[in-house]
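Both of the next two complexes hold subunit A, though its partner changes from subunit B to subunit C.
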Partner chain A sequence: MSGNLLHRQPILRRPDGVGGALPALTLITLFFVVPVVALLLRSVTEPVPGLQNYAILFGDGTYARVFFNTFLVATVVTAVTVIVAFPVAWMLAIMPPALGSIVFGIIILSMWTNLLTRTYAWMVLLQRTGVINRTLMDIGLISEPLPLINNLTGVTIGMVYIMLPFMILPLVGTLRAIDPMTLRAAALCGASPFNAFRRILLPLSLPGIAAGGLMVFVMSLGYFVTPTLLGGTSNMMLAAMIAQMIQSLLNWGLGSAAAFILLLVTMALYALQLRLVGAKRMTGGI
Partner chain B sequence: MLLDYDRLGWLRAALLGFTGLVAAFLLLPVVFIVLLSFGSSRWLAFPPPGWTLKWYAELFADPAWLEAALTSARIATMVAILAVVIGLLASFALVRGQFRGRNTLRGLLLTPMVLPVVVFAIAIYAFFLRIGLGGTTAGFVIAHTVLALPFAIIPITAALEGFDKSIEDAAIVCGASPFEAKLRVTLPAIKIGIFSAAIFAFLASWDEVVVAIFMASPTLQTLPVKIWGSLRQDLSPVIAAASSLLVLLTLSLMIVTALIRRKLSK
Partner chain C sequence: MTEPFLSIRYLRKTFGSFVAVHDVTIDIPKGEFLTFLGPSGSGKSTTLYAVAGFQQPTSGEVLLEGRSLLSVPSHKRNIGMVFQRYTLFQHLTVAENVAFPLRVRRRPDAEVNRKVAEMLSLVRLESFGGRYPGALSGGQQQRVALARALAYDPPILLMDEPLSALDKKLREEIQAEIRRIHRETGVTILYVTHDQDEALHLSDRIALFRDGRIEQIGTGEDLYLRPASEFVASFIGNSNFLPAEHLETVNGSATIRLADGSVVSGVRIDQDFSHGQKTRLMVRPEAFRLRPGPATAGLAVEFIDTAFFGERRRVIARTAAGQEIDVRPTSDMAQAHEGIASSRQIFFDPAAAFLFPA
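Right, the complex of A and B next:
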């Protein structure tokens, strides 16, 4: 009857109240909710009240191209990241720990290294006269430098590099949670490795792939730094366009309308992701 | 046998090879930047024609770099302390509180992590311009604390969920006040979560670029703003030297984290 002592004193079971959350709630309300709502209001009040900012954004071919670029890059980055991350996560899930910890160390080092540092490295690596072009020319694969930077190719390479850890790490968790017995059973029943992969391993890891993929897609949509530095001015993406509208053009109405569209798409996809995996599992991934 | 490392056969060689390639891809920019910082070519030729320390000399000769690094360190330290304290208080309510809208509150407090930073950046920029906090240290700290708070709340709530509350109750039964029980029983038990929260919150501020670009003034620049400004001018090797020092810092942080985690979990 070890629990009896506590049961007789229900006062001890009194839960902590909402009080502790008040400082956090105040901070977020005052310095997050209020500024963001105020910004979004500007999109329908400046320069004059109405929806003209949205009409401009949806009516102009230049902006349509930015939206198209953004979704194209986010889609390609997500697809490539998933395809590259899956085999790595698969190996990491079953590798001997000694070997695995080296790979994990490299992933963490890459992830924790300053974002600008990594992007700077890619700016140098991908130049016309950079190491990658020089090497490819030296071994005779190409005769003149490939255009790897100031276009969407550069943005994609840089973004895949940044997103890979965010895909690999949660996927390892998903794959580790799969019981190896299911695959042994498949092999015993005569399934070829290909069939076992297609009918068991892949379907069982699909929730992890979907959750990670959505996260990468959402992050890519709103990314600012890498597209700005690797994409050049003629291949602008949404986040860079928003920043430019505010910072250089001082067009708050149009900029906040574009910000609202980005916010809406992001939040819709986030809600979808929460339904797919549940809030707890997703936020526990860190 | 796809999940048996020892029975994968030829597939294992293929997957290991691929994993090796990806690891090399992830390591490439980091190693490259360090090598480049010692190369003597101003135009970043690689392999470098010779080796030199002059970019480091140039870096240390310019007080603006050191000042930016100190500004970053100062802001990130304040952010880490604030985010951990506010996050710790909030975590108790989120994990143990029984009130309506608890999950909504959790979602709200974690939203800054999901919202595209650029949206928050221009929103807080406009707001601070209006209330006179633009370009101030206080403004930086507040904005970064908002962004860092989710990174503090997640590890602390995770640690708190794994802690058996009846141990804290036992301390109270034995005569401790509720506050004392929390301070001397619960906090030591979740110290790894708190430590992770501090590291993540520090990094969230230290590495933050987008809000910082909008918030910075000519007299108040964080390190990412300084790097961003230099990058937009040219690809000077001095940036490679600064970057290498940041890589060194990351490595030391990883090692210290691993050591402290090992020590704390004993």
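Right, the complex of A and C next:
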């Protein structure tokens, strides 16, 4: 009887080791590792074996421009998102909880609305004869419609709007952990509101800004729908270029190489984020 | 008349229909340690915040050396403050925290370094300059906060219940530090607490707040020995209130009848009572004696329980009228112990007792 019980114990133990993780590992291998390896292989074997695809991507001015443009858009979007998100996050952090949860709900709701719908909505608002240009012309502020769409401005507006929740959420968490009394203390120490912001609030909220910023930056790098609909042909981004290479030009090798570079950059940034989060843990959440 | 150093005049603060502070007026001479004491919601913190500039009063004036502070924003008031919660800048080291007020004032490096060293030695944390606040204990953090608040030699130091987050032993230790620092620097201190022991221990004067007004202001001894009202008497120290009927007053000395029918004369009073008015006689537990003295009044009681507290013994006694009272005789401790469950007389000096309207 007792022998039977002892025998059962290993079964009751939490599954650990490779055995328990096997289904998940199989899934990841099948649907993630294998395609990525296939991608890498394609980029160095098509049309002929060698690194010529990478040579083309890095050597050709047109592709270099697309890379540059991708990083430019991601950088601008991240910067604008931080600037817009910070006051919202701060307001959410110091708001009475009841009101705060309503505002929070509105932000989350916008996140749940279909991405394509929101992007088309921006098209309606931003186009030459759109609501914004009409209104501005009606009140006589401008005489010619502003070029708000099919350029960097349109992409930035549309993408910042989509990225805001991803910046606000981590930032609110960081800002809530800051005692407002700390800012009063800074004021009595003689710090002007600007100084208190620059020397105290900003450094203390840096972990949140870093976490949200990296998330927004990485997401922006591979964005397809919004830049395609709101951007112009002159500022094509990487995702759109990959789509074109594969769909229109059927150049799988070049498309794979571009996708692989994008993946590498994304993973490098993710590693950086992990290091920052790790460092944050070590200093006790500072 | 010379201008008081810090003057709070007819300060009033309302939140909607709620009056948090009711025309509070205090003059504070330079170098004084003044404590705002009172239960929570009595307006003591609101008054302090008006001095700090966190709350604009509804009306009234705060004057520092005759000049109004109210139109000056917090960061230009040049006031030091230590808060209830730890408000150190977590991303800066201890030394950088103390240096912060000097850095925002753009003082030269040499002066900053000298002052930081001086302040850290004042709060006895010389070797902690390179640490981060997260690595310090609560008591150490409050000492750093004190150093930071004093680093720029502010004329006034505000302290908002700075010890309430600390345990008893640490509290007493830092109280001693605060006293020493007040002595060494001569800074004028406004201190807020709800702890009467802390107030008595630290302050030159205490302003006792109740419902947005100052109930009484004076030294600890004033409040303890000459309470202006029953509230003051019950808030400061321990007290027994015996129901009594006022019979007559001659030359500020009253004769009363206690609930057990005994008549006591020679009670000192500051206000007028009518014949037969219901009153309450306040006697401090330590004012009771086990033996009669000159001019003492006797009270028939039964000892119910005693407890030993080291420096004195506490006795729970029941009067003939059935009221339980707290008796802490300063002498005759052994006798108090032996007297359990026996009916006896205890004695008090009517001149050290106070009569308040019921």
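In the analysis below, the second predicted complex is superposed on the first by the 251 of 286 C-alpha atoms of A that agree within 3 Å, B and C clash if a C-alpha of one lies under 4 Å from a C-alpha of the other, contacts with A are read in each partner's own complex, and residues count from 1 in each chain.
We take it that contacts are C-beta pairs under 8 Å (C-beta built on N, C-alpha and C of every residue); 3 or more make two chains touch, one makes a residue touch a chain.
The model shown is predicted, which means the values in this text are computed figures rather than measured ones.
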Request  = Could you say whether A:V76 touches subunit B, subunit C, both of them, or neither, answering first, second, both or neither?
outcome  = neither
Ask   = Once the shared chain is lined up, is A:C189 touching subunit B (first), subunit C (second), both, or neither of them?
value = second
Key: subunit B versus subunit C as contact partner of A:M137, first or second or both or neither   = neither
Inquiry  = With both complexes superposed on chain A, which partner does A:R199 reach: first (subunit B), second (subunit C), both or neither?
reply    = second
Key: Partner chain in contact with A:L27 - subunit B first, subunit C second, else both or neither   = first
Remark   = Of subunit B and subunit C, the partner touching more residues of subunit A is B
Query = Where on subunit A do subunit B and subunit C both make contact?
reply = 184, 187, 193, 196, 200, 283-284, 286
Request  = Provide the residue numbers of subunit C that touch subunit A in the complex, in ascending order.
outcome  = 52-54, 73-81, 83-85, 87-91, 100-101, 104-105, 132, 134, 145, 148-149, 152, 158
Ask   = Okay, in this complex, where on subunit A does subunit C touch?
value = 179, 181-182, 184-193, 195-196, 199-200, 203-204, 206, 283-284, 286
Inquiry  = Under the definition above, what is the set of subunit B residues touching subunit A in their complex?
reply    = 1-5, 11, 15-16, 18-19, 22-23, 25-30, 32-33, 36, 43-46, 85-87, 89-94, 96-99, 103, 105-112, 114-127, 142-143, 145-146, 149-151, 153-155, 158, 166, 169-170, 172-173, 200, 203, 207, 209-210, 213-214, 224, 227-228, 231, 235, 239-240, 243, 246-247, 250-251, 253-254
Note = subunit A contacts subunit B in the complex at 5-6, 9, 12-13, 15-25, 27-28, 31-36, 38-39, 42, 84, 87-88, 90-96, 102-103, 105-110, 112-125, 127, 129-131, 134, 161, 164-165, 175, 178, 180, 183-184, 187, 193, 196-197, 200-201, 218, 221-225, 229, 239, 242-243, 246-247, 252, 255-256, 259, 262-263, 266-267, 270, 279, 283-284, 286
